[in-house]
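In the two complexes that follow, chain A is the common piece, with chain B as its partner first and chain C second.
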Partner chain A sequence: MSMDAVFIEGKRKYIFCSDEHGLRVLSSVFENVKKEKLAYEWYHFSAEKRECLEEFLSKQKMGTFLYVELPYSELHTVQMMAKRIGFSSDETQYFGYGEKWISIFCCRCHELNRAEEQQTGLTCHQCELKLEVSDHYSELYHAFLGYPATG
Partner chain B sequence: MYIEPTLFVRVSSIEKITKQVKKFTLFPETGKELPRFSGGAHISTYLKIPSGLIVRQYSLVSHPDKRSNYEIAVRLSENSKGGSLHWHQGMKVGDRLQISYPKNHFSLSFKARHHVFYAAGIGITPFLSMMQDISTNRQTFELHYASKSEESCVFHSYIKKHYPNQSHFYFSDQHQRLQTTSLANHPIGTHVYFCGPEGFIEQFRTASIELGYPILSIHSERFSPPKPIVLKAFQVKIHNGITINVSKTETILEALHKHGIIAPYSCQIGRCGTCELPVLKGRVDHYDSFLSDEQKEANNCIIPCVSRAKSDKLVIEIK
Partner chain C sequence: MKWTGDLAHFPYPFKGSTYRYSNNSIPMKQPYCIEVTSSYKKEMLFKRKLLSDHPERCYQSLPHSITGQWEIVEIVIDHLVSQYPQDFSIEQENNRWIFTNKILDEKKEFIFGEKNSLPCEPLFFISQHVQEDLIYMRQRDDNLYLDAGQLCFPANWSLAFNIGMKFKSIHHPIPGFKEEGLDQRILQFLMRLEAGTPWERLNWSLMAGDRLDTSLETFNQWGRLRKQVTSENAGELVHIRVEVQKLFRLPRTNSILFSIHTHLLALEQLATNIEWLQQFYEILSELPDHIVEYKGISTYKKAVLKYLEKQLQQVKTL
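The block that comes next holds the complex of A and B.
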């Protein structure tokens, strides 16, 4: 994930996806797109409308470029969704803001726990099992799976 | 001359499938199974004829899982330098020849969500095995296939029967034209594949890039060498002192061979890299699809089966 949004030339359409706070990084690229009179669409994101976003992205055609700026808590989900739909890394730029945290799914009680992005272990706040953060991401729970910590 | 590792096969059947195209079935001489290949693969065939050895590349059109024999389809080209002419007129059932192991410069992308094939004429051949591979994997695809007429459309009835919902035919004698505008309709995650004459490939590649397709989503396969824009004669000096003239109509590789200089080669379309030679002096006009952009920029090697000289003279090294 790079820090600055970079304007990628030569696309037939640009999509900007963000919530009301996430306009900081994308605005310069957006100005560019407007100035060049290129086709674009803004998608105003809200967590409740995740399915709508999925439908919207699935309808896009080749030649579309996607810029996303969202809180870290949402960004990963959207990134996985876009990838599943078929947006490659050459057709997307993602920017996160706010607190960097991820969800951890407890393998014993199935509770979702919050953890910082770099965190490797935690204690489940419900059943108090010591968990190790795996790199298995569950699309279903939008969370990384937490396994019993060994040792 | 250089020959890559090969398999010995015999021709077990010859079938005329259109006016200009024959299908050849090749079975292994040893009776053992042939290697499995992946969709889009081709083989080099080595034909010994009185004037020398002819090397040609043909896509495998049989099912990738079928290992008892291979099938290729050969179109008799109007300006055949001997390859397709020999296949059509000289080849008999029972004849023996050498073929390379299957190679694939045109494989299906693992990342694609949907595959779209664009074929013109005999350019359909690599797509047959690709469609079979995809059907096994239950992925989705479309085929857009342009041909002069229904009679000259290679594998027309086979494709129509097996892929009725995925295939679209464009016959120019019925004023149907395959146009680049359909590139605008493919959903995100599509990979496009082009095979046919040089002009066809270029037209579709350019149109895809203009629409904003990422380069990695565009694939193409050529069976003929790219056509240089400027064709001029020049000289090649070999570092031991001999200077040879390369005329407008011949390649450096052909000129070297004409002068009895041993220079290895295989594909002759600038793709395999077998013929690469170091350049000591002079500017190269690169036409191959083998060297990277950095290597081309560095100007210290050449693919002599297709590339030419920008300067009047090139000095190359031959061991």
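The block that comes next holds the complex of A and C.
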């Protein structure tokens, strides 16, 4: 994920997906699209509209470019959704804001636990196993594996 | 579950006096992805209980793996029937198949390729008839992905976590695997695997206890035994765990079936073969720390070496 949205020329249509707080990074590209009189659509995201987004993205035609700016807590879900639908990394740009955290997959009960980026250990909030955070990462869960703590 | 067969048939994994990670795959002499051993009935009952009690731990699949799963059903049934015609049979009338498992006295009728004709997914169904764990790796975008698997007897890893992962990500925790370029070499080897030319390899580790289901999820149940190993009880308590891993190209989906048959042998049984005893002692004495650590032996390596030394001394004084 880069810090600034970059305008990609020559696309059939541009989709901007953001909530009310997340317009900051996308505004310059949006102005460009408007200036060039290119086809575009805004999807005003909210947690309630998450499921409708899947339907909305599924209906788009080839050549559509997707810009997303959302809180980190929502961003990965949308990334996975777009990937599942068929948007490639060349057809998307993602920007996160807000509190940044990582998910830890509990090796015993499979629960996903929230942790700070630098955190090395935690207790699973579901099964209460003490976990050591590893660097083994799953793209599917967007999470790092938590092993049983040895200490 | 201890080895109850003839020791001569145990898949002893070592050659030479040192061990390092390598691609030790060899072409298979008998191209069958399954083997039925004397503990078949016992292991099948155990496996079915695990699958029923812990489905999420023992079975995972992604929706696009169904066609590949049917390919696995086809190859496994073909191999069971060809290798053990007295125990397994198949009647086929177009897509209507009737599979008979005479050992378990079961008959199952289904329409091949039609998911709803089985009460579960195809891979789940067939895995209830073989001692092997079955892993389905799909090849796409110049990579291999773990898209489905039935895993009841893992050596300290989690199928639930690894589902959907690329080959290199799966092996990320193995120390030195990436640094020595082994992950890339083995990936390339697997992606060049040809239909009709299966390969096999043996993988080993040591474990305290004789559990087949050493999943990461249950580490707190079996891992603590490591601390109880002494030079006095190592012969009985510690087991060498050998996985016979077989690799078959599934041509229709251009994917790979990876079957794993796990065998356990107590050190006291291993020590009855003097050549094995001597060789294993040399290998363990020389084993690099990062491998010792990854294989989970570090807590009790000294106790095992002491036990093996004692056995060797006894042999020499005879």
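Side notes on the structure shown:
Keep this in mind: the second predicted complex is superposed on the first by the 113 of 151 C-alpha atoms of A that agree within 3 Å, B and C clash if a C-alpha of one lies under 4 Å from a C-alpha of the other, contacts with A are read in each partner's own complex, and residues count from 1 in each chain.
Basically, a residue touches a chain if its C-beta (ideal position, glycine included) is under 8 Å from a C-beta of that chain, and two chains touch if they have at least 3 such contacts.
All values derive from a computational prediction rather than experimental measurement.
Look at A:Asp4: by the touch rule set out above, it reaches neither chain B nor chain C. Shared-chain residue A:Ser138: touches chain C; no touch with chain B. In the overlay built on the shared chain, the residue A:Pro148 is in contact with chain C alone; chain B does not reach it.
In the superposition on chain A, A:Phe105 contacts chain C only, with no contact to chain B.
Shared-chain residue A:Glu48: touches no atom of chain B or chain C. Within the superposed three-chain model, A:Leu129 lies in touch with chain C and out of touch with chain B [touch as defined at top]. Listed in rising order, the residues of chain A touching chain C in the complex are 105, 107-110, 129, 134-141, 145, 147-148.
Every residue of chain A that touches chain B in the complex is listed here, in rising order: 10-13, 57-65, 85-88, 90-91.
Residues 111-114, 183-190, 192, 208-217 of chain B are the ones touching chain A in the complex.
Across the complex, chain C meets chain A through its residues 56, 158, 160-165, 169, 172-173, 216-220, 223.
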